[in-house]
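Some structures are shown below for you to check.
One chain, chain A, appears in both complexes that follow, with chain B as partner in the first and chain C in the second.
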Partner chain A sequence: MSVREYLMPRSVPEAIGLLERHGQDLLVMAGGTVAMPLINDGISLPERVMSLRHAGLDRLERQGDVLAIGAAVTLSQLLAQDTVPLLREAAAHTASWSIRNMGTVGGNLFTPPPGGDVAVALLALDAQVRLAGPRGERVLPLADFFTGFMTTGLAPDELLVEITVPLAARDTAFLKLGRKHSNTPAVVTVAVALERRDGRVGAARIALGAAGPHPIRAASAEAALTGAMLDAAVIRQAAQAAAAECQPFTDGIATEWYRRRMVGVFVQRALETL
Partner chain B sequence: MASTIVTFELGDREVEVMVRPMTTLQTVLRYQLGQTAVKEGCRQGGCGSCTVLVDGEPVMSCLLPVEEVAGRRVDTLETAMPTDGSDPLQQAFIEQGAFQCGYCTPGMLMVSRALLDHDPHPSRETIIDTLAGNVCRCTGYAPITAAVQAAARAGKDGQPR
Partner chain C sequence: MKVKGSATLAAPPEAVFAAICDPGALLEVIPGCQEIHQVSADEYRGRIAIRLPAVVGTYDTVVRLVDTDPPTSGELEGRLEGRVGTISGRATFRLHGEGEGTVVEYDGSGVVGGPLARLDSRFLEGFARSLVNEGLARLGRRLQAVAVEVAGAR
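And now, the complex of A and B:
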């Protein structure tokens, strides 16, 4: 272990100041469930590590028409809220109790696939992320935050400080297929949010996990649903579109072929619950 | 690499340790404070054998820099239960044959204790979900699930209710 300093800033401005001073030498860590295994194994050898646990980012509260989630809110806190049922379900299907007590919502956005189940639900809910840096703050749609495998729109001198979820009326579903009953990495994760308009589907959002380099939206499947009556034929069409457009991968959990098949099956099942 | 001093409560006792930055709670408990029930398993947060309670909540001590528990209460198997195995939860594990090699047992007991403290009468489904973060390669989990169910039935004082 070669860490020279473990920094615990007490506020966001202090954290941004430390990030500015130490730049790329500083590893930013929240719950540690992704960073610590790499440090313990000597794969990651940071000189300085900054903990975000004490920077005042652990509040989860309703603010007008959004649910504001501090970046360091734990998955257990997310499981305890009932303002957004889809997020509760996503948290329930993520890791184990001890890990949920440590892992954070912000950290989940940096967890490489097949992890990042909460991020999939947030994507379906049209969440936004608030980024803070030395020049001030900016807000990005979560869909634009993900840029590639383990890369994001976060600038090197910025911190993810908050995730906001609009509290619109919508029907939602969350389904995860794993190799075990619980505490299991995803074969695929599917989150769906539909807004209804005059008996038809208004806005449709389908998000997929373990089906691309980061949580992705299934745009063609969404297009197949928008404006349509949600009947068996339309559901099948959307499921086929999602299977065709996703970009799954092969790892120790499942093959690309199997994941693509399961995207179709689980998008169909998720839509059938609505 | 200046060392720092961290003070926390280990059970009912205040302890002070001098550590290099970012030493894990697991390392401190096992190697500096002699809490050998805190196993060094995978060091990945994947096996649960290092599970301890911080302010009553189960965490993987291998993933937690000890600086994070400053001023907080930490419980290990040694501080949470008697060493003679007389706690009703320990007795249930013994009676149900809920271990063979015993490596996972401290972690299993800690997470089970936390569960029963939060929810004295958990469903079988809840017990299974709760134990999912702790790996056992001997028992197949059925005797452990049965032990937690039996302990829940017996209650904290060991008397049926």
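And now, the complex of A and C:
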């Protein structure tokens, strides 16, 4: 174990100050469910670790027309809310009780695929992330936050402090295929949010997990749905488009070929529930 | 650990092959590459910084071209050595012209040693994939920039 100092700031400004002082030498974590196994196994050798668990980022509340989720809100807290059912469902399909009690919504955005199921649901819900740094705060759409495999739009001196989810009227579905019933990494994860207008699909958002280097939107599938009646032919067309445009990979859980097939199957099934 | 795939680059196979053997190009193309030197006709030594969150560190790197048939194929073997482990691997690549571009097919495998070997394969394979993809994207951009310069010089 290389860690010489464990820092536990009590506020966001204090956390930003510590990050500014120690820079890249500091490993930032929230629940520690991803970082601590790496440290304990001797893979990660940071000299300093900063935990955000007591930095006042654990509030989950409705603020006007958004649900504001502090970055250190646990997955169990998400499971206990009923303002956004899709998020409850995503949390229920993520890891185990012990991990959900520790793991956070913010941390889930940094979890590499095939993990990060809550991030997939947040992407379908058009969530935004609030980032805070020494120069102030900025807000990014979650879709722009992900830039690559375990890389994000977060600057080295910034912290993710909040995720906001707009509370629009929409129909949602969340499906996850794993190798076992629960506590399992995803073969694929599909989250769908549709807004209806006059019996047709107004706006469609389809997010896919384990189908790219980070959670991705299926833009062609969304385009196939937008403005259309949600009938069997349109659903099939959208599912085929999602399977064609996703960027799955082969790992110990599933092959690229199988994941691509399952993206099609599960996008279709998710849309059929709406 | 296995990484396999293909990519299309907008340059002829000769230019792609030359870039793969050029330390200056490799320095620019390999994500996180801090230095690279050609120590013999077919051997390169360098240092690569891995920026995977939580596994940040620099790795001393040796790469040898063990079998080449310019400009159509080659085989590389390499070793990365850092504080938390080693990665030794081999990769073959084939280049074939398609229109004015080149299709690169690559197939590599690596053996991970030390504490790093305990890392969940989703981190390592995901990271290796992202390195290769970003490296190829950078190679593509470099080749395009070179092509523009050459066209401009004419």
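Heads up, the rule we're going with is that the second predicted complex is superposed on the first by the 274 of 274 C-alpha atoms of A that agree within 3 Å, B and C clash if a C-alpha of one lies under 4 Å from a C-alpha of the other, contacts with A are read in each partner's own complex, and residues count from 1 in each chain.
Keep this in mind: a residue touches a chain if its C-beta (ideal position, glycine included) is under 8 Å from a C-beta of that chain, and two chains touch if they have at least 3 such contacts.
Since we're looking at a predicted model, the values are computed, not measured.
Taking chain A as the common reference, can chain B and chain C both be placed on it without clashing, or not? Answer clash or fit.
fit
According to the stated criteria, A:136 is in contact with first (chain B), second (chain C), both, or neither; which is it?
Touch partners of A:136: none, neither chain B nor chain C.
Could you tell me if A:150 is touching chain B, chain C, both of them or neither one (first, second, both, neither)?
second
Touch test for A:64: chain B only (first), chain C only (second), both, or neither?
neither
Is A:6 in contact with chain B, with chain C, with both, or with neither (first, second, both, neither)?
The first partner, chain B, only.
Report for A:199: first if it touches chain B alone, second if chain C alone, otherwise both or neither.
neither
Look at A:183 in the shared chain and tell me whether it touches chain B only, chain C only, both, or neither; answer first, second, both or neither.
first
Name the contact category of A:112: first (chain B only), second (chain C only), both, or neither.
In the superposition, A:112 touches chain C alone.
Classify the contacts of A:41 with the two partner chains as first (chain B alone), second (chain C alone), both, or neither.
Touch status of A:41: both partners.
Taking the superposition as given, does A:23 touch the first partner, chain B, the second, chain C, both, or neither?
Once the two structures are laid over each other on A, A:23 reaches no partner at all.
Would you give the minimum C-alpha distance from chain B to chain C, in Å, for the three-chain superposition?
Here the least C-alpha separation of chain B and chain C stands at 10 Å.
Under the contact rule defined above, give the chain A residues that sit at the interface with chain B and also at the interface with chain C.
Residues 39, 41 of chain A touch both chain B and chain C.
In their complex, what parts of chain A are in touch with chain B?
My answer: residues 1-6, 8, 31-33, 36-37, 39-41, 49, 51, 53, 76, 95-99, 101-102, 180-183.
Would you mind writing out the residues of chain C in touch with chain A in their complex?
Counting only chain C, the residues touching chain A are 2, 4, 51-57, 83-85, 115-116, 118-119, 121-123, 125-127, 129-130, 133-134.
Which part of chain A faces chain C closely enough to touch in the complex?
24, 27, 34-35, 38-39, 41-46, 110, 112-115, 148-151, 185, 213, 249-252
Using the touch definition from the top, list the residues of chain B that touch chain A in their complex.
Touching chain A from chain B are residues 1-2, 4, 20-24, 43-46, 48, 51, 57-60, 62-65, 67-68, 111, 114-115, 128-130, 132-134.
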